[in-house]
Amino acid sequence: MQRVKTGITELDEMLHGGFLPQTANLVEGAPGTGKTTLGMQFIYNGITQYDEPGLILTFEEFPQQYYRDAASFGWDFKQLEQEGKLKVIMTSPEISRLDLENVGGMIETMANEIGARRVLVDSLSHFQKLTEDPVELRQIQYSFINALKREGLTALLTKESDAILGEAYSDESVAFVADSYLMLRYVEIESAIQKALLVLKLRGSDHAKDIRQFQIKAHGIEVQSPFEGQEGIMSGSPRRTMAESFVEAFVRK
Amino acid sequence: MQRVKTGITELDEMLHGGFLPQTANLVEGAPGTGKTTLGMQFIYNGITQYDEPGLILTFEEFPQQYYRDAASFGWDFKQLEQEGKLKVIMTSPEISRLDLENVGGMIETMANEIGARRVLVDSLSHFQKLTEDPVELRQIQYSFINALKREGLTALLTKESDAILGEAYSDESVAFVADSYLMLRYVEIESAIQKALLVLKLRGSDHAKDIRQFQIKAHGIEVQSPFEGQEGIMSGSPRRTMAESFVEAFVRK
Amino acid sequence: MQRVKTGITELDEMLHGGFLPQTANLVEGAPGTGKTTLGMQFIYNGITQYDEPGLILTFEEFPQQYYRDAASFGWDFKQLEQEGKLKVIMTSPEISRLDLENVGGMIETMANEIGARRVLVDSLSHFQKLTEDPVELRQIQYSFINALKREGLTALLTKESDAILGEAYSDESVAFVADSYLMLRYVEIESAIQKALLVLKLRGSDHAKDIRQFQIKAHGIEVQSPFEGQEGIMSGSPRRTMAESFVEAFVRK
Amino acid sequence: MQRVKTGITELDEMLHGGFLPQTANLVEGAPGTGKTTLGMQFIYNGITQYDEPGLILTFEEFPQQYYRDAASFGWDFKQLEQEGKLKVIMTSPEISRLDLENVGGMIETMANEIGARRVLVDSLSHFQKLTEDPVELRQIQYSFINALKREGLTALLTKESDAILGEAYSDESVAFVADSYLMLRYVEIESAIQKALLVLKLRGSDHAKDIRQFQIKAHGIEVQSPFEGQEGIMSGSPRRTMAESFVEAFVRK
Amino acid sequence: MQRVKTGITELDEMLHGGFLPQTANLVEGAPGTGKTTLGMQFIYNGITQYDEPGLILTFEEFPQQYYRDAASFGWDFKQLEQEGKLKVIMTSPEISRLDLENVGGMIETMANEIGARRVLVDSLSHFQKLTEDPVELRQIQYSFINALKREGLTALLTKESDAILGEAYSDESVAFVADSYLMLRYVEIESAIQKALLVLKLRGSDHAKDIRQFQIKAHGIEVQSPFEGQEGIMSGSPRRTMAESFVEAFVRK
Amino acid sequence: MQRVKTGITELDEMLHGGFLPQTANLVEGAPGTGKTTLGMQFIYNGITQYDEPGLILTFEEFPQQYYRDAASFGWDFKQLEQEGKLKVIMTSPEISRLDLENVGGMIETMANEIGARRVLVDSLSHFQKLTEDPVELRQIQYSFINALKREGLTALLTKESDAILGEAYSDESVAFVADSYLMLRYVEIESAIQKALLVLKLRGSDHAKDIRQFQIKAHGIEVQSPFEGQEGIMSGSPRRTMAESFVEAFVRK
């Protein structure tokens, strides 16, 4: 099956080729872990490498913030908008949801105008303001996700995690309906805070199981080798394994 | 006693032959652990290996999603429906519950039509929307389970777990009334996230007690050997045992 | 003092002979740990080994379920009912409670009819539906327990525990008024889930303090030797002691 | 200063002689740890060894239960009541509280009749039913405690702890106003559940700081030697210290 | 800058000379850790060593309790009151708060009468009864603290901590507005419960960072040397460091 | 891009030059960790080293407290105010928020008067009193932050953390909208409480990932070398690594 590549080589390898077409792909992380950067890179690479125009739906930040953030990675979002390959749309969960229910709504129109194939929704967590009932929230999010799929879009949905360092709880059940689930996490290793990336779920395909280190570099996210000789990485506070420690203390020295 | 085989050889061995007939079997797991895959495999193998037609009751996903997911494992659900051996029914907890209370309801009719012997309920967690009272919820679920048994069906019921990595709490008491209880869990081992399967309970029969590694492969779930030399597997964040670590550091090297 | 034997030899030894007569004995455990099996064995052995007829009060499962479950251990409950030595009564906390307050109520009548000396209440946790006020709940349960004692019965009361693996909290204060308190727990040992039994409390008598492994075998519960070389058993996720690990790695190998 | 001895030699030593006169002494513990036994022993020894008559205020159990429990240790409470040295009074927090506010109330009258010097209140936790407001609860308990002191009584007040094994939280602030605070706890040591006793606070006096093992024996509580070579005892789930483990594995063996 | 000495030599050294004048100094601890003793010692030493008269505001205990507690350390508070150097005032948060808002209120009058320079407020936690709104509570406490400062007083404010052994949470935000913050804590070391003292904050000055052991002796609090070779002291349940354990097991023995 | 330097050399290095202009920079910490000191130093260095006048918005403490605290570090804030380079404004979240929405409001006027380029908001946590709805709170804080940016200011916003020692949770979602996120934390190392500084996030730039020790010295905050040989620093209760412990015990000694 054709894959929707992120253009981040190692991540696409972890995904055994990329996301699946017309799927909803969740990227969860604490503040600063790089959810939005990953989302923008997905959109930017889609346009520039795979000729797949893209939408960005933002529920909080102004489009200017995306232009600025993208520019810091050398991605010229304003130019792409002028070329008719990108639309950054500031909207709200309420409006975008209603809009997608109607034929010929604004999002559909814009998607058609530029022939959009990808969408970044930043962030799905803002749907929480629509209702306090978790059951209703799940239904709303599920409908929204399906509406995006019906438009022929492959969606990357960011999701905010409150835990800076600590156990990972999926406090919203949206993870059950998403087609894939990527986790970005802070990990304390050797007195520094590193970033970890994990593909937990990829519906309809096998995927890498290892927890990879990654960095936000000058030109975007770079996925690196798996962690080694550590236990409890996903807790955020791992420990060097005993065997490793013995070897380091007695063999290498 | 005759057993209802899942057709997954190692799992049937863990169950000392399979589920018991006309029982309710709970499969709990976090998003992406493979609950629905296990359920579909139970239905598919039932039809193709044991000539036992099956129903799938879905409370959220559209039947198309099941066809697609099944197809990715090489299981042709559409064909089976055409052959009158499978029915994928999209319904709701409210409707299916009322339907089963009446003689000649839709589910009973369909079950009779295809001579169904198995049913996948995906997922039991959606019953939570019916009431906020845990006592009433348990009564509703218990009645629903018994209605399925009265239809002569052996049921596999999926149950969503919020904990990605971390302690396993049975937040609903339905586990007390289920006839068997299987847990699917993520486990971090050597900087990767593996999947674990455990049969915690099997009413009326002995069963394997070990925690098995499993994978979702091209043709479905494959149960593998037990974990070894690890402590705290069910916590999701185990540690290599000390004895193993000594041996690895000083003996093997 | 005369003891009320469970007929499970090792458990009776742990209890220094058995329960005390006309006492309320709490058996707490997670789903599948064997609370009901222990209760049925207490009733069955009472009738067949000690000539003490017994009642079973069930608040959820149908009597047929008990017949079936008992039969899987080779205990013929239907036969015992026909011989007038057993009564399985499906009732509710509300009804049984009111019934016991009246002279000549149904439970008293049935107990008298068969000369019952033992009763299994399965489970005390269903009293939670009577009130949300923990103080009132405790008073109701205490009255109920005393009513059973007044009938001359020795009661085994099952109590559901939500924690599968994890710390043991007594979320209801009924443990303070029970005469004995047995805990059944899951324990992960060497990548498998074992069962543990502990007598925490036995009013008016000394008792064994060790945490014993047990299994549900073809003819019921078998209590085995204590765990060895493990720390933190009651946490459900113990670790082999360091001394044991050294010995295993360096001495035995 | 004169001390009010418990008559349990090692405990009196831990208290540097005993409780102080006309003080309120809190004994907190989980079900089955021996709070009530310690309280009865305090009363019994007071009468038989120090010629100090005593009251027992019970808010839940019937006096018969105390007679029976005492008898199992060889203490004849009925006889002591007949000799006018003991009164077991079944009452309620509401009544006893109002009673003590009036000159010539029932408790005062009974205390005067037998010349009571000691009182066991079993348990202070039942005051929780009087109010849900923690501030008001503290005021009520403080007034009650002071009323007992005004009667010239030295009080032992039991307090229920919900945690079986696990961290000790003082969920009621009554510990701040009590003159002493004893904790009884379960501790898992070498695959068995032992009991631990700690004097945390003793207003106006120094006291032992060590955590002592104790047992409930045929004639009551016996305090034994401190634990050794263990860390985290008060967590209920201690670990043998590393140094101890090395010595055991390599030196002793 | 002139310092306000506690007169406890080692504590004054930890404070680099003492508290700063006209500041609010928080002393937090669990029941029995010695908050009130430290506060009384601060007042007593102020009067007898530095000629600084003092007030004690008590919101719960009667003045007699302070006389008695002080006497057990050899401090004659009644005499000091007669000499016009001390006032023990039993009041309430409501009254003392309103009183301090008025010129010529009772507290101001008494402070002026004896020329008070110090005040012990025992305890600030009682302000919780004034409001359930944490924002309002903080404003009230902040105003109260400032009123004391305006009177020219250096205040020691006790604060109750619910955690006996366990993590330290500042459940009230008053710690943010206090000028210094001392923590008294229980620590389990070698099967005994020791006391630890820590200066966490001292506005406008450097201070000792080490966690010191302390004892309540015949003449008050004695601060001792820091703990050594332990990790996790503030958790209440520290562990001897690995390096220390190796040395103890293999080198010293 | 031009950076806004804090003037704390090592911190500016960690920030790869400093904050970015017209950004909102969050500094979170427990009481006494030095949030306000860092903020004042940012303002003071801005004025005296980079000729960038500054505002301080305080929502609780009086300006006098800032003059006093600054003076203890040798920073003469009164003089700077007289020179027209600093304004310390005591206001409230309500007023400052409304004020910033109007052209020509008080804050804008003052900022223009002195040509302010920097602002310290102490603390953002006080916005919590405006609403109990976390969604509304986030919107209010986001608008407030943007208003400051529109004034051309680079903002340092302090944020209170309740956890003294323990896991770091971002209980307000403001961390998602802030441009940078600095964490100040207490860390127990070798029986003393040290302070740690971490740059978790810096939008639009790379930054140091290591956890640095820092101290509050006579002339302000001094950032020191990273921690070494410790695991779990951000938990507040780290442990020396095993390898380090071996080396210390067997190699160095």
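Chains here go by letter, A, B, C, D, E and F, matching the order in which they are written, and residues are numbered from 1 within each.
Here is the rule we go by: a contact is a pair of C-beta atoms (placed from the backbone, for glycine too) under 8 Å apart; a residue touches a chain by one contact, two chains touch by 3 or more.
Computed from a predicted model, the values in this text were never measured in an experiment.
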- Note on the structure: Via touching chains, chain C connects to chain F in a minimum step count of 3
- Query: Quick one: which chains contact chain B and chain F both?
  - Reply: A
- Message: Report the chain whose CA-based centre is farthest from the CA-based centre of chain A.
- Response: D
- What is the size of the turn, to the nearest 5°, that moves the C-alpha atoms of chain A onto the matching ones in chain B? 60
- Task: Call it same or different for chain B and chain C: same when shared residue numbers make up over half of all numbers used at their interface.
- Result: different
- Taking each chain's centre as the mean of its CA atoms, how far is chain A from chain F in angstrom? 29
- Note on the structure: Rounded to the nearest Å, the gap separating the Cα centres of chain A and chain C is 50
- Task: Would you give the residues of chain A that are in contact with at least 2 other chains, written as numbers and ranges?
- Result: 242, 246, 250
- Query: Line, ring, star, complete or other: which describes how these chains touch one another?
  - Reply: ring
- Order of the ring members, counted from chain B so that chain C is second: B, C, D, E, F, A
- Query: Contact residues on chain C for chain B in the complex?
  - Reply: 30-32, 60-61, 68-69, 72, 125, 128-129, 160, 162-166, 186, 188, 191-194, 216-218, 236-240, 242, 244-246, 248-250, 253
- Note on the structure: Contacts from chain A onto chain B in the complex sit at residues 135, 142, 167-171, 173, 175-178, 181, 183, 198, 200-206, 209-211, 226-228, 230-235, 241-243, 246-247, 250-251
